[in-house]
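First chain A sits with chain B, and in the next complex the same chain sits with chain C.
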Partner chain A sequence: MDKLIEILKDLHDDVDFESTEGLIDDGILDSLDIVTLITEIDSEFGVVIPPEEIVPENFNSAQAIMALINRIDED
Partner chain B sequence: MKFISIGFLIFLAAVFLAYYLIPKKYRWIELLAASYVFYCFAGIKYIGFILVTTLSTYFVAKLLEYMSDRADAYVESHRDEMSKDERKEYRSKQKKKRFLLLCIGLVFNFGILAALKYTPLAETAYISGFLSLIGISFYMFQTMGYLIDVYRSKTVAEKNVAKFALFVSFFPQLVQGPISRYGDLAPQLFEGHDFDIHNVSFGIQRIIWGFFKKLVIADRVAVAVVAMKNSPDEFYGLSVLVLIIFYSINIYADFTGGMDIAIGVGETLGIKMTENFKRPFFSKSTKEYWNRWHITMGSWFTDYVFYPLSVCTPMRSVSKKCRELLGNNLGKRIPMYIATVLTWLLTGVWHGSGLNFIVWGLLNGVIILVSEELSPLYKRFHNRFPRLGSSAPYVSFMMFRTFFIMGIIRILDVYRDVGLTFRMWGSVLVSPNPSVLFNGGLLGFSLGTADYMILAVGVILMFAVSVIRERSGKDIRELLENKTVLCSFIFTALIAVTVIFGAYGNGYDANQFIYNQF
Partner chain C sequence: MQTNILQYLEHTAEQKPDKVAFSDGSDDRTFGEVLSSSMSVGSFLCRLGIYGKPIVIMMKKHPDEISAFLGCVYSGNFYVPLDTEMPPKRMELIIASVSPAAVICDTASEKVARSLGIDNANVYLYSDICETPIDKTALDCVRLKQIDTDPIYIVFTSGSTGVPKGVVACHRSVIDYTESLCEALSFDENNVFANQTPLYFDAPLKEIMPTLKYGATTYLVPKKMFMFPTLMLDYLDKYHINTVCWVVSALTQISALGAIDNRSPKYLKTVAFGSEVFPIKQFNIWRRALPNADFYNLYGPTEATGMSCWYKVDREFDEGDVIPVGRPFRNTDIILLCERDDGEGNVKAERAKVGEVGEICMRGTCVTLGYYGNAEKTASAFVQNPLNTVYPETIYKTGDLGRFNERGELIFVSRKDSQIKHMGHRIELGEIEAAASSCPKISRACCVYDADTKRIVIFFSGDADKRELFAYLKDSLPRYMLPSETVKLDTLPLTPNGKLDRRLMGEMAVKLESK
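Showing the complex of A and B:
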């Protein structure tokens, strides 16, 4: 989780990602951020997020993103 | 059939009456029949195009779903015998097969679209007659979005081919969208809606507003746009700025007017279609502008082009190489740069095959990337002057800046000649020719002073409605809902103004919408 928070902080250092929800719904992360984030997840976690998983509910909070990473890795 | 015609209003009244008179469970059949009648008004000879897309997509989607279900069932029944890696390998193999089938469906249908839009076929009277009435790319994009959603298992494939045919052909969106998603639109189409006076009156009000925008504003200012475009030797320098403003008004009133009619028609039938505009001229950045203008096209390209491009295997290899060569910080952003530019290139091509559309698309991509890269600088600036960012003059400046940046590149669509457009941009600085603004030159075409006054009042009205929505967050119709007398007066006046001052007759072309050609 710490690694993910670090990646997210690199995108927006002024956001408290540990407690913020609605990252997509509130427009904190946009499509350009998502692509950079996915590239980082691939590099740091070795997990490739397919396009069909790029939906708001999977990216609305750090916890949701972590759950997505774990789920794809598990599958 | 054209939206702006008496015939369409009669057709609409008949569809409306029949919809609420027949039993609820058959209402979707009436909508299907109405949609095919609407389509066939373009010419029954064109029916093959929509039928081929409907049937091919229906069967490919069914097959994709069958393959996916079979693969899932296999993994479930062999879960204990297969290791995690074996399961992954099996799923990956099955996915490749489904991807190949998806590609066949996409290439076949986009091939039809490309053949009709980008080959010499488009110039023939047979095809140009069709394309001038039916926005083929709108229903094609909507249908291909459904196919990709089924491939991604985000949508269950429709079992009933007739119901699927309605989703593809729903008549209000056949002219210029919006490009709806299956999950949002289809359930509403298939459900028979109760007659609801609120929906019906809101729908009719929105249709009237759409006609007003199209006939009183868009088609009136279009006369000036066409005249200025046709005489670049006369209208250069500062008059290019006038053209930028005029064309922005023209395309906004035209496109949103058409959307108001389409969405209003849906509302009268109890069907809520996706909004395509959210007051784009209040945007403070290019990125925000594209979240507010032609929203359904933008989200289509984001979901079905931008994201897949960004995460595809070649892009991941590029990313790895770039990290090694350029370092982590820049390297991780390269896929985003490439995907943005390619997506905007394709968005440009969607509008047309001319170089002007390609340059327009690329410029949009470049502007978005430049402002993205400058964002740390903006952040530092705003940290230094924390109160400036929310001050009214600065916000107005940002809106004004975005309006002009988008307007400047938008006139590539007016001249449709990249070299000429660049020369005209240059003329603003090199040879401003201010006299054209004061010597009556702008009154030289068939727009008189009275036309400009009507136009000004129309634009102020359109602006006021947008400001009310932006500030209150409420639709003006909701604010007028309980003021029956005032509401009746306003909409009766709008009808009267549209009938009396609508720009039709000699010199005007109220026939079709600008976006229909895309």
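Showing the complex of A and C:
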């Protein structure tokens, strides 16, 4: 989780990702951030996120992103 | 004789009053509704006694925003679309340079609109004025007075000095653009467009004008959709979208995330792209996904009204190739200007020979009226055609460099100001970028020059590491063109318009040195 928070902090230093929900709904992350995240998750976690998993629900909070990474990693 | 863009709307609203013109997926507006709300807004502005003045429109992307634009035109004024998310500093500069006679906003933007230092009595909510009783006499009176060289809009482009420039375009230029674009891309009433660009540029004319002319339909796609490729594909299928005219980045966002590897948009048959060089690898993913679609490369500066050149893809492109920008639209002439020294110290302008690089200049009705309230900048870019010494003829110098290939197709080379003098050599930064982009593991590259420290810095994204890129460049470029520094980024920064943010990367390059 710390690794993920660090990646997110690099994108938006001013956001408290531990507690913030609505990263997508409130427009905190933009389309560039999504591409960056997906690239970083690939290189840091070795997890490739398939396009059908790139949906708002999976990116709305750090918890949701972490759950997504774990879920794909287990498959 | 058509002298006013509103004639498109009026004709179509009579033929197809109940067809949906614009929709954002939740709110639909038919041609009949667009006509009546535009006339209401126009009547309201007439009642205020404003004529020939800039009116700021500050609304979220919504079908009603288009009625607000057209309402301004009905009243004989011109619209200045602003984005509420613009940095406040930029907004202040724009407001100061246009001194709007009125501002039309929506509930979401009202607070920002009222904080701009404009007399609050002149700030109006769209919802309060869109049902004003139509004053046909007043609108007819405006129409009789208007001529086709009267302005329709001012849109702001970023100036290289950081001060935005307001490009003023008139009816005649927009009509010319609409007619030639529709002809080149074979548009008709069956086109269903998905608009990507924000409405505060000239870019959305690509969808709005053919929609009004033929009675087609345009969906204004929510920005969020572009973050999620699969949702985007669902959206395109749901609304039977068959035509997109998007910036390259919006298309590569979908292809780079693998979304069209196993699935392609069901109805899409026309894909137009522009404003940027399409990386061939991504382009070919699109072509494989849509083997029966027509692909068009569009090119043109805001100063020459929307797009000016088009190329219909008619052959295969391999990595390292450049997709041409093709040829000018009908009724537009491209002059590739070369300045030559005659040996006696005199500089003479000539048309470039085949293969020779020259500055792309536009001649024709497409040339806009100039920069609003900025005679100095206007005079430096809108100039007398140097090839014509016998009568006044204004051309627009784009600042872009191009050349004609052996097929007679125009090829975009780079920005003129991206030509640098480095270690005594004249170098096109675009050439270094093109070399880097042809490296198989690179998805995008952007080259900047820090003149103070005389360093070429290349920013790139992709799977390659710095060393691989450098080794590749060493094989393809002369030594003096090799970047002094290579910087890998996950993604390259883009401007609000979706183009590579060269200015930001230029600043980043300067910071690298001072670290």
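Convention: the second predicted complex is superposed on the first by the 75 of 75 C-alpha atoms of A that agree within 3 Å, B and C clash if a C-alpha of one lies under 4 Å from a C-alpha of the other, contacts with A are read in each partner's own complex, and residues count from 1 in each chain.
Here, contacts are C-beta pairs under 8 Å (C-beta built on N, C-alpha and C of every residue); 3 or more make two chains touch, one makes a residue touch a chain.
Model, not experiment: these values are computed from the prediction.
Asks: Taking the superposition on A as described, I'd like to know which of chain B and chain C A:24 touches: first, second, both or neither.
Replies: So A:24 only meets chain C here.
Asks: When the two structures are overlaid on chain A, which partner does A:40 contact: first (chain B), second (chain C), both, or neither?
Replies: both
Asks: Once the structures are superposed on A, label A:54 by its partner contacts, choosing first (chain B), second (chain C), both or neither.
Replies: After superposing on A, A:54 lies in contact with both chain B and chain C.
Asks: Please work out whether A:32 is in contact with chain B alone, chain C alone, both, or neither, and reply first, second, both or neither.
Replies: In the superposition, A:32 touches chain B and chain C alike.
Asks: Let me check the overlay on chain A: which residues of chain A are in contact with chain B and also with chain C?
Replies: 30-32, 34-36, 38-40, 50-52, 54-55
Asks: Where on chain C is chain A touching in the complex?
Replies: Within the complex, chain C touches chain A at residues 223-224, 226-231, 253, 256-259, 261, 490-491, 493-494.
Asks: Considering the complex alone, what residue numbers of chain A touch chain B?
Replies: Counting only chain A, the residues touching chain B are 14, 30-32, 34-36, 38-40, 42-43, 48-52, 54-55, 74-75.
Asks: What residues on chain A touch chain C, complex-wise?
Replies: Per the stated touch rule, the residues are 24, 27, 29-32, 34-36, 38-40, 50-52, 54-56.
Asks: Contact residues on chain B for chain A in the complex?
Replies: Per the stated touch rule, the residues are 84, 87-88, 91, 152-154, 287, 302-303, 306-308, 310-311, 316, 319-320, 323, 332-333, 335-336, 339-340, 368, 372, 379.
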